[in-house]
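Below, subunit A partners subunit B and then partners subunit C, in two separate complexes.
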Partner chain A sequence: MNEALNFLITGMANGFIYSMIAIGFTLIIKCSRVFNFAQGEITILGAYIFYAAIVQFNLPLPIAILMTAVAAVFLGIMIERMLIRPTIGQPILSTVILTLALGGVLRSLMILIWGQDLLSLPPFFPKGGVHLGQVVTLSYPHIFFFAVSIVLIVLLGIYYSYTRGGLAMRVTADDIVVARLLGINVTRILAMSWAIAALIGGAAGVLLTSVTGIHYGAVEVGFKAMTVTLVGGMESLAGVIIMGPVLGIIETMVAGYIDPLLGGSISEVASFIILLIFMVFRPHGILGWKTIERV
Partner chain B sequence: MRRMHGVFNTTYKQEAAIFRTRFEWGILIVLFLLIAILPHIISPGWFDFFIRIGITLLVVLGLNLVTGFCGQVSLGHAAFMGWGGFVGAILLNAGLPFIVVVPLAGLSAGIAGLIFGLPALRVKGIYLCFSTLAAHYIIIFILIRLMGGERGYQVNPVNIFGLAINSEIRLYYLVFVMVGLATFVAKNIVRGKAGQAFVAVRDHEIAADTLGINVYYYKLLAFFIGCFYAGVGGVLMVIYFGWASVEHFTLWNSIWYIGMILIGGMGSIIGTFFGTVFVMGVEQFSFLLAPIVGRTFPGLAETAIGALPMLIFGLIIMLFIVYEPHGLAHRWEIIKESFRRFPFN
Partner chain C sequence: MLRLVNVEVKYNEVVLVLRGVSIEVPERSIVCLLGANGAGKTTTLKAISGILSAESGKVTDGFIEFSDQRIDRQDAERIAKLGIFQVMEGRRVLEHLTVEDNLKAGALTRKDGKIKEDLQKIYDYFPRIAQFRKKTAGYLSGGEQQMLVIGRALMGNPRVLLLDEPSLGLSPLLVQEIFSILEKIFHDSQISMLLVEQNAGIALQISQHGYVLENGRVVLEGSAEKLKENREIQEFYLGLSELGQRKSYREVKHYKRRKRWL
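== the complex of A and B ==
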C-alpha cells in the first residue's frame, strides 16, 4: 500500500510533465493542423539553455528563467516562420518528416554544443519532503512539479478562455477562413501558438531535468507525450491534461508491479501498446474531435 | 527520350511496354553495364557504400509501394526489416538454404506488417504515423526480449547452389540481382490491377470504395507487399553484417527511408532510385566530411563529430521539403520534357 501510493505520486509528477509537453502538441495542432515531432527536442533544448544560463554564464535564477523563456519563444517563432509557413498546403507526411528532421537537427546541435555527458543542474530543493500521514512522502521537487505545472496550466487556461488573444486562437482553431474574415491576424496567431508551445515545452524540460539531469537522450519523453496527446484527444486541452497523469501513473505502476514479474522492461513499451489499442478502437482519443468525412 | 508528337502506339505490345523507345533501352543497358563493372573499378572501401545502397533500395521500394502508392504511412519500416532479418538469421542458422529463407523471412515480415497494418483500416494520415511508430517500438521490444536481439546472432556466410557468398563482390552481385528482380516486380505491381487500386485508395478512399475497390483488402495488401520487401532487405542486411542485431534497425533509419521517398518522389519507382542514391550519397559525403571538420576545429569532441551527419542530413531534408516538395522524380520529368521540346523552350 505504502509502495503503491509512492508510485502514484511519482507517476503523477511525471504525468504532469507529459501533460505540459502534450499541451505544446495540442496548441499547434489546433491552430495549424501540424503535428510537431520536434517537441521533445524543443523541451530538452529549453533545459540545455537554462543550464547554459545558470551554470555556464552564472546568471542569477530570475534572469536565467527569463533568458530561457525568450530563447524558447524565439525558437518557436523561427520554426514557424522558416519551416512551417512555406509548407502550408503540402501533404501531412511532408510536415511529419520536416519536424522529424528538425528534431534530428536540434538533437545533433545539442550534442555538438553540450556533448553527450549527463549534465546536472544545481540542486534547488532541500532533501527530504513533506510527510503526509505515516506512509506517503511528498518530496520537495515533486511538490514543485505539481505547483509549477498546475500554475502554468491554469494560466494557459485563463489566457485561452478569457482574453482577446485566447479568443482569437480559439477562432483560428475552429475555422481559419472565418478568423480571417473577422480581421484576426492568422499568421500572427500561428506564430504565437508555436511560441507558447515552445515556451511550455521549455518549462517542462527544465522541470524534468532538474531531477533527472540533462542528457540529449531524454528527448524520448516527446514520444511519451505524443501518446498522451493522442489518447487524450489531439484537439482537446482538457483531455491532454487529464491523460498525462493517468499515463504517468500507469507507467510507474507497470514498472513497479509487472516488470519484476515478467523480468522485462514492459514499462518502456506500455505507453505504445496503449497507443496502438486506442488507434484501433478509438482513434480520436478520449475527448478529441470525431471527424466525419464528407465527399 | 519520349516519342515525338503525333507518334502513337499501334499495338497492345507497344502499349504495355515498360521501355518504349530505343533511348530508354539504351539507358537501361548502360545502367546494367555500369552496375556490372562497378565492382571492378571502385576501390574496396566503397563496397560497403554500394551494398548498403542496394539493400536500402529494396526496402525503400517496398516503402514506396505502401506510402507513395497506397498512401499509408509506415514509420516502422526499419522494424519490419529487423523482423525479417531476425527470422532470416534464425532460419539460416537452422541450416535452411538461402533460396528458401528469403521468401520465408519476407513472408514473416509481411505477416507482421499485416498485423501492425490493421490500424490502417480505422485511421489514416497522422494517426497512422503514430500507430506505425508504436509498432516500431513494440517490434523492437519483441526482438530484444523474445528473440535475443540485445546480444544478437552470428550469421554464417550463405551459399546459393554451392556458390558461397563469402566475398563482398559476390554479395554485391547478389544484392543487385535481387534489386533488379524487386524493381521489375514492383513496376509490374504498380502497372497492374493492384497498383491502380493502390493509387485510387491513396487519392480518394471513398471514391475508390464507390468504384468497387475493396479498400481494406488493398491497404493490407500494400502493407503486406511493402513489409515483404523490407523483410527481404533485412535478410540481406543481416547476411552482409554477418550479425543480427537491433542496432541496425533504428527508428532513425525508418525516418531516412521516408526521407528518401520524399526526396526521390512519392509514388514513383524511378524516384525511389534517385532518392535512395541521393540520400545515401549525402550520408556518405557527410561521413567523409566529418573528419575534415574535426581537423579544422580541433576543439570538438569525438562524439560531437558523430553528430554531424545527422545535422547535415536533417538540414538537407528540410531544405528539400521546403524548396523541392515534389521530389527529384518531378525534376527528372521536367528535364525530360525540356529535352523533348528541345529547341522550343
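== the complex of A and C ==
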C-alpha cells in the first residue's frame, strides 16, 4: 500500500513535467495548427542552457534561472521569426516537417556543444524528504517539482483565461480571420505562443534533468508529452494539465507492478499503447474540441 | 469618409473580380450594396477591411481612402484600429468562447475603460443574447449568433461598420428584428454602415443611398428612394410587376427575361 502511494507521488511529479511540455504543444497548435516536433529538443536545450549558466559560467542560482528564462524566450521568438513566419500561407504539413528538421538541428547542436556524456547539475536539494505519516515520503525534489509546475501552470491559466492578452490568444485560436478583423496582431500572438512554449518547456527541462542528469537522449520526453497532448485533447489546456499527471502515474505504476512480472520495460511504451487506443476510439482526446454541431 | 475609387481586385493575379468599383460612404449614413451572387459584393468589403491577402487577392488598381488616408495597402489589424469593422458573412462567432468573451474580443483594440458600459449597451440593444452571457457562443441559434457578431463589431467603437448579408439564412421575422435594431443603433450613434444585401427590399428601407453591382462593376447608383422607384430594381430585386403588384411567376419566362445591364 505505501509502495503504491509512493508510486503515485513520483508519477504525479513526473506527470506535471509532461503537462508543462505538453502545454507548449497545445499553445502552438491552438494558434497555428502546427504540431511542433522540436518541443522535446527545446525542453532539453533549456536544461543545457541552465547547466551552462550554473556550472560552466558559475553564476549564482537566481541569475542562472533568469538567464535561462531569457534565453528560452529568445529562442522561441527567433524560431517563430526566422522559420515559422516565412512559411505562413504554405501547407501546414511543410511547417510541421520544418519543426522536425529543426529538432534534428537542435539535437546535433547540443551534442556539438555539450558532448554525448551525461552531465549532472549540482544537487540543489538535501537528501531525504518530508515524511507524511508512517509510510509516505515526499522527497524534496518532488516537493519542488510540484510547487514550480503548479505555480507556472496556474499563472499561465490565469493569464490565458482572464487577461486581455489571453483573450487575444483564445480569439486567434478560434478564428484567425476574425481575429485580424478585430484588430488583433496575429503574428505577435504566434510569437508569444512560441515564447511561452519555449519558456515553460525549458523550465520543465531544468526540473526533469535536475534529477536524471542532462543527456541529449532525454529529448524523448517530448514524445511522452506528445502523448499527453494528443490524449488530453490537442486544443485543450485543461485536458493536457489533467492528462500529464494521469499518464505519469500510469507509467510509474506499470514500472512498479508490471515490469517486474514481465521482465521488460513496458513502462517505456505504456504511454504509446494508451495513445494508440485513444487515437482509434476517441481521436479528439478527452477534452479536445469537437466540432460544435447545433441540434 | 470612406471612398473607393476605381478599385480593381484580382485573385491569384489572374481572376479579375472587381473591374473598377467606385463607392462612397459619407459620414453618418447607411449605404447599401446590392447585387446577385458573384457580383463582387463580398470582395468589395474584403478589399476595404484588408483581408484579401489571406485569399491571395490584391487591389491591383485604384485606391481606397478612409478620412483622407489611403488604406488599400495596410494590414487588416491596422484598418480595424482605424475604426473599420467588418461583420463577415455566415455568422463567424468565436464558437468555443462564451458570449461575453466574444463581445469583449471586439473591444481588444480599445484602450479606454468604458468597456463595461458598452457591454451593457450591447445587451440593451440585443436582449436576446443578454440571457446567454456565460453560454458557449457556438450553441446559440442563427439569429442570436448574427446579433452577437454585430454586437462584437460594435464593441470596437467602429466609425464604419461593414455588414455582409446580415439577413442570410434567417427567418423574415428575425430579419425585421435585426434590421430595426441596426436602424436604432444608427440613430443613436455616429457610425456609418456599408450594407451588403441580397434582400434589396429591406436594405433599401434603412439605407439612404445604394449601389447595384453586377459582374464587378457598379451598374446603377442613387438615393434609396430613387432606387426603389427604379423599374429594373423593382422587377429584378423587389419582385414587383409594372403595376407595383406582386409578380406572378406564371407570367415570367426567366430564361428569356434575364436582365443584361451592359
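Going forward, the second predicted complex is superposed on the first by the 289 of 295 C-alpha atoms of A that agree within 3 Å, B and C clash if a C-alpha of one lies under 4 Å from a C-alpha of the other, contacts with A are read in each partner's own complex, and residues count from 1 in each chain.
One rule holds in what follows: contacts are C-beta pairs under 8 Å (C-beta built on N, C-alpha and C of every residue); 3 or more make two chains touch, one makes a residue touch a chain.
In this text the structure is predicted, and so the values were computed from the model without any measurement.
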| item | value |
| --- | --- |
| Partner chain(s) touched by A:L93 [first = subunit B, second = subunit C, both, neither] | first |
| Touched partner set for A:A4, first subunit B, second subunit C, both or neither | neither |
| Which of subunit B and subunit C A:I150 touches, first, second, both or neither | neither |
| Touching partner for A:L118 - first (subunit B), second (subunit C), both, neither | neither |
| First (subunit B), second (subunit C), both or neither touched by A:I63 | neither |
| Which superposed partner A:V177 touches (first subunit B, second subunit C, both, neither) | second |
| Residue contacts with subunit A in the superposition, subunit B compared against subunit C | B |
| Touched partner set for A:I158, first subunit B, second subunit C, both or neither | neither |
| Footprint of subunit A on subunit B - complex, ascending | 67, 73, 116, 118-119, 122-123, 125-131, 133-135, 137-138, 141, 145, 206-207, 252, 255, 258-259, 262, 266, 300-301, 303-304, 306-308, 310-311, 313-315, 317-318, 321-322, 325 |
| Residues of subunit A defined as touching subunit B within the complex | 35, 82-83, 86-87, 90, 92-94, 96-98, 100-105, 107-109, 111-112, 115-116, 223, 226-227, 230, 234, 264, 266, 268-269, 272-273, 275-276, 279-281, 283, 293, 295 |
| Footprint of subunit A on subunit C - complex, ascending | 49-51, 54, 75-77, 80-81, 85-86, 88, 92, 94-97, 101, 104-106, 108-109, 136, 138-139, 141, 152, 156 |
| Partner subunit C, residues of subunit A touching it in the complex | 164, 167-168, 170-171, 173-175, 177-178, 180-186, 235, 289, 292, 294 |
